[in-house]
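Same chain, two partners: chain A is paired with chain B first, then with chain C.
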Partner chain A sequence: MDRDMLLKSLTELDFMAVDIGLFLDTHPTNKDAIAAYNKIVKAADTVRVKYEKIAGPMCSFRSINRCEDAWAYAADPWPWCADANYSISEEECC
Partner chain B sequence: MKQAYGNYYKIFGCARKKCGCEESSACEAKAEAAETTCEDIKNKYCFEAADCNDCIIERTGLADAYVPYQPEFDVMAPEKSLICGTVFQSLAMPYKKSGCVQKGGKA
Partner chain C sequence: MWIYEKKLMFPVKIKCPDARLAKIMVEQYGGADGELGASVRYLSQKFTMVTPQARAVLNDIATEEFAHEEMMGAITCQLLCGLTPDEIVKGGLDAYYVAHGQGVYPSSAAGVPFSACALQSKGDPVTDLYEDLAAEKKALKTYDYLIDLTMDPDVLKPLRFLREREIVHFQRFGEALDIVKNYLSETKVFDMSSAETKK
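Entry: the complex of A and B
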């Protein structure tokens, strides 16, 4: 997958983890939800590592700085920049 | 607007039908400036939203919200979840212009 596809996948998986986490707040013993949550978090972590190898660190305190002689995070698109986010503006829920 | 509030008062029997005009000493001046009568102004503006809100509080008191317990764990595909703003099929309620918001992603 290229950078954009990885970012799309990571955005989707992180969103799912947040939403299922909210579900678990009110359904803390739902085994299906716990299994799905763990599966999605693992998948998101895998995609995040792949993305960061291609595009640099996503986070200033949790990501590995692979470049040994420069702080890569500052050179990446900032979180509020369009390049750092996957857009769903043209998509419809149907 | 007046008709809508009028129906509400009829259903709930609220006694509050006052408007600012009735209590204002400037009513006559307003009516004169608008080239109409004070009674006409009362008829037009006696059903202000604030009065309706007061009426509801008077009749029912302040309400508690109740959200039904979500019974199903019905997860959609990742892409559709992000687009719909929810992982759950039963909570996907896309807004369609000039239509109704319907559950289950169907409109």
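Entry: the complex of A and C
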């Protein structure tokens, strides 16, 4: 998968984890939600490792800086730039 | 503490700068019912909230609202980028431009700077959760109005995503309010005899 595909996959998985996590805040004994949450977090972790290998570190104090000569976290692009984001088709969105 | 992750919660990829849209989008960046106010409101209220569930809801929604604030900043930034002086004047952005250039500044669409006067932290769990339910409804209506005035599909996609989150947050705050009300109405029994024997 290329960078955009990995970013899309990671964004979707992290979003699911955020949403189910919020559900679990008020339903802390829901076993189905806990199982879904754990499954998604594991999948997201796998994608995150792959994405960071291509696109560089995502976090300033939790990611390994694989490049020995430069602090890759601070390199462009930053996520508020249009170039850093992937396109979403109309059908996928609405 | 917080962890910054170098991605948006939902992608913002705008192809056409637009002065008129930039002028109104700042409403959700720094307006009374915007994402910054929501985040600071919940973050402040969590310190005096009761029940673990309601504390978690406030903490986690405050965190998510800050990710939404970054998205609204990205929308505003991308709409501002590359505008000509002529486009700025025609789009009614001239008053904003002379104060902030192409910078992103937390103010309402009418130019009123962000103020904590738009939010409360009352130190009472039930009062605060009712305020939060109202805040989510107000943010939802603001997204409805922004969507009414937006034609660009690149702007509509993230706006629709953010609008839906307000509905989910309203639901979670409603559940938190039920949990807190049940907790506060529980009959509490104090065993005075055990206190006596300790003396």
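Just so it is clear, the second predicted complex is superposed on the first by the 81 of 94 C-alpha atoms of A that agree within 3 Å, B and C clash if a C-alpha of one lies under 4 Å from a C-alpha of the other, contacts with A are read in each partner's own complex, and residues count from 1 in each chain.
Methods note: a residue touches a chain if its C-beta (ideal position, glycine included) is under 8 Å from a C-beta of that chain, and two chains touch if they have at least 3 such contacts.
For clarity, every value in this text was computed on a predicted model and none was experimentally measured.
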TODO: Considering only touches as defined above, state whether A:S9 meets chain B (first), chain C (second), both or neither.
DONE: first
TODO: Quick one: classify A:D32 as touching chain B (first), chain C (second), both or neither.
DONE: first
- [ ] Using the touch definition from the top, say if A:E91 reaches chain B (first), chain C (second), both or neither.
- [x] first
TODO: Report for A:S60: first if it touches chain B alone, second if chain C alone, otherwise both or neither.
DONE: second
- [ ] Could you tell me if A:P79 is touching chain B, chain C, both of them or neither one (first, second, both, neither)?
- [x] second
Open item on the list: Looking at A:D19, would you say it contacts chain B, chain C, both, or neither? Reply first, second, both or neither.
Closed with: both
Task: chain B or chain C, by number of chain A residues touched - done: C
Task: Common interface positions of chain A, toward chain B and toward chain C - done: 8, 11, 15, 19, 23, 26-27, 88, 93-94
- [ ] Provide the residue numbers of chain A that touch chain B in the complex, in ascending order.
- [x] 8-9, 11-13, 15-16, 19-20, 23, 26-27, 30, 32-33, 36, 88, 91-94
TODO: Spell out the residues on chain C that touch chain A in their complex, using ranges where they run on.
DONE: 3-15, 52-53, 56-57, 60-61, 64, 70, 73-74, 77-78, 153, 157, 160-161, 168-169, 172, 175-176, 179
Open item on the list: Which residues of chain A touch chain C once you look at their complex with the stated criterion?
Closed with: 7-8, 10-11, 14-15, 18-19, 21-23, 25-28, 57-62, 73, 78-82, 84-88, 90, 93-94
Open item on the list: Quick check: in the complex, which residue numbers of chain B touch chain A?
Closed with: 69-70, 73, 75, 78-88, 92, 94, 105, 107
